[in-house]
């Protein structure tokens, strides 16, 4: 065996050694709980394995909650993607370095702002005794429904989209727009034939992140709507904390598995798209 | 021109949507009709029982998460670039998995694993370990969970940072000049990665300071959990706490991005 | 199809990019806009393409005032510096982009694209994507795309500056061949004087948004209109000289003046190839360094009185004229340009 191959072999071995702690911790801290979860989801009362729990989650009230979670996530993903992309483009083309810096920093903050504090801020604004509710004479319950929840979720989703899409928008070379113009294209034709296709993967990737964020969100919804908007995360928490009948823990596990399957499906779309985008904008 | 109009409308709508709730919240916390202006709500935060305790606990958790994330991710990322490219797909997959498992389902898995583990290992010395990692004052199990949640974001931010540095050449040059491996890592690589490390740290810390679901469902009183329990029916206090936690994230971002920029 | 620039002025904030530029480009001519960065050459080109609007002045294509015509309705094909191909479209669709915008049928688009790709030497590359091509191939595709709509004018904005030296030379010859074949009026912007001199019918040298000289390459090189042109195009020695009447004294030689001298104490501008070097034991200069370039060798010579001079000698003399050798330096007898006295005797290498 030549010295070079040997050296490469050794490098590979050392490489796996360097990654070993990460692999080990992931296996214990992530692998074990997930295996337990999947196993529990298939465990039926009285021992043995079966689909009892999973088929229970395909009935009311669980299927309704799952459906409503999917709808909410889709609305937030779509709205957040469109608004985030427009906002990012407006900021990046404004030629004001200060505005750009301010919006990107604020986006970094707001994209990480969620949970109960987010609910409180919106309750103060649009809740039943909120300032805007009173000023506009809106009735009670304006915030505590599906669309209210979507409005609040946008508060972290739009900034997240701005952060995701800004580098892609920066990667759109001015030459492309000029070359399109030079070939007789109007602004709209440029966006339709070049701009949006090039941004497509990034937009879709961002939309997937927004979808996942809204789908997984629990604390904000719990603090805001309680049980008035059925969501799968709320159902899981209820089953887990024994707010409902005891013995529903395996239902929580099965619902969790449902969520993971949805997320897996979404990821399966996202990852190949991500690859294509990085190749174009390199 | 049309271009100017749509930009103004977009910026205007976004400005109203993002700034009005903030302005109202700040106003709400410092003014009420009976007392007029008062910073009382913010005073009540500091004097509320458990404030320091939970804040310190969350900050400690955050520090532990940052250290652990960097210690786990950096060697693996460097290994990918220094001779084990086969690792890359493995790492990509590992760091994508936590995105697929929402926190609420993750905590369900953890709780069940812990319960099962405690039962199964009751007669062995491992039982003691399992109990100690669930210590209320410094729950190692929460650190591990947060490391998993932070990993996808931290990994990508570090990966982006490393892309801008020619690691192989740096390492080879340093080794050629007689530097030891620890020296290479801490004095050559890390200084060049300062801003990527800063942003990975920010993302990890912001996650720890905001995560409610896992901590609450496992019964740990971290800062975000404390916020909810202490708010109770005091509307002003709860909004003041929200403003405070937003301010905290902002402060973290400024501090860490400042730290990242200093080297340039 | 002629292009006329009339009194173009354009400033960006405080910087003046074009300061009253007037120039007419003749039918079928390839003109090179040459100058250092910031001289306004690209701005002038972008005014023709419609990406910039002059503050005052006008652009005429074929006698028609197009100053206010938007870029997507001008009849000018443009090749950009680099990376201008649409990354989401394959080569064929890139070339046929303009035809698609004009809603031509698919057959026509494909056959026209194939024809153009053949023309630029990339037949059979239609299905590839830009990221699968080399830099030189990408620029060929960009050229095909610019020609797809049979424009009246071809605009080239430093199309070769991002390429390797060898590819650069090949592609510029290719561009010239195509341009002659199609007889298309062409503006070629470059900061590389060698590139400009080798492909253009005429070279327009720009400085600070103004035209310094426009003339065929040989004339720009041999009879530069201004000291700036003399220095920017090729290499120039500055030698201290003293004017007396119609001649100037330099190195003890009296050479005829070309044009008026700016004073009595002047810099005499001399090309390295106009400097003769002969070995002499008691010479008043010696060779500092020699760089061999194949057909010639460029010598850097230290003068006794201080100062240096560059001289080009035939390549085969490089061995004889080695560094350290004492030599005599004389100048070829021909009219010389002069400039206000600046340096002692510092030769100016070209920028590019």
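Order as written gives the chain letters A, B and C; numbering starts at 1 within each chain.
Criterion: contacts are C-beta pairs under 8 Å (C-beta built on N, C-alpha and C of every residue); 3 or more make two chains touch, one makes a residue touch a chain.
Here the structure is a predicted model, which is why all the values come from computation and not from measurement.
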Q) By number of C-beta pairs in contact, which two chains lead? A) A-B
**Q.** Remotest chain, chain A as reference, centres from CA atoms
**A.** C
Q) So what's the Cα centroid distance for chain B and chain C, whole Å? A) 56
Q) How far is the middle of chain A from the middle of chain B, if each middle is the mean of its Cα atoms, in Å? A) 17
Q: Give, as an integer number of Å, the spacing between the C-alpha centres of chain C and chain A.
A: 54
**Q.** Touching residues (chain side chain B, partner chain A) in the complex
**A.** 6-7, 10-11, 14, 17-18, 20-22, 24-25, 27-28, 68, 71-73, 75-76, 78-80, 82-84, 86-87, 90-91, 94, 96-113, 116, 144-145, 147-148, 151, 202-203, 206-207, 210-213, 216-217, 224, 227-228, 231, 235, 238-239, 241-243, 245-246, 249-250, 253-254, 257
**Q.** chain A - residues contacting chain C, complex
**A.** 173, 175-176, 178-186, 189, 193-194, 197-198, 200, 279-282
Q | chain A contact footprint on chain C (complex, rising order) | A | 49-51, 70-74, 76-78, 80-89, 97-98, 100-102, 131, 142, 145-146, 148-149
**Q.** Of chain A, residues touching chain B in the complex
**A.** 8, 11-12, 14-19, 21-23, 25-26, 28-30, 32-34, 36-37, 40, 83, 86-87, 90-91, 93-94, 105-106, 108-110, 112-118, 120-126, 130-132, 154-155, 158, 212, 215-216, 218-219, 223, 233, 236-237, 240-241, 249, 252-253, 255-257, 259-260, 263-264, 267, 271
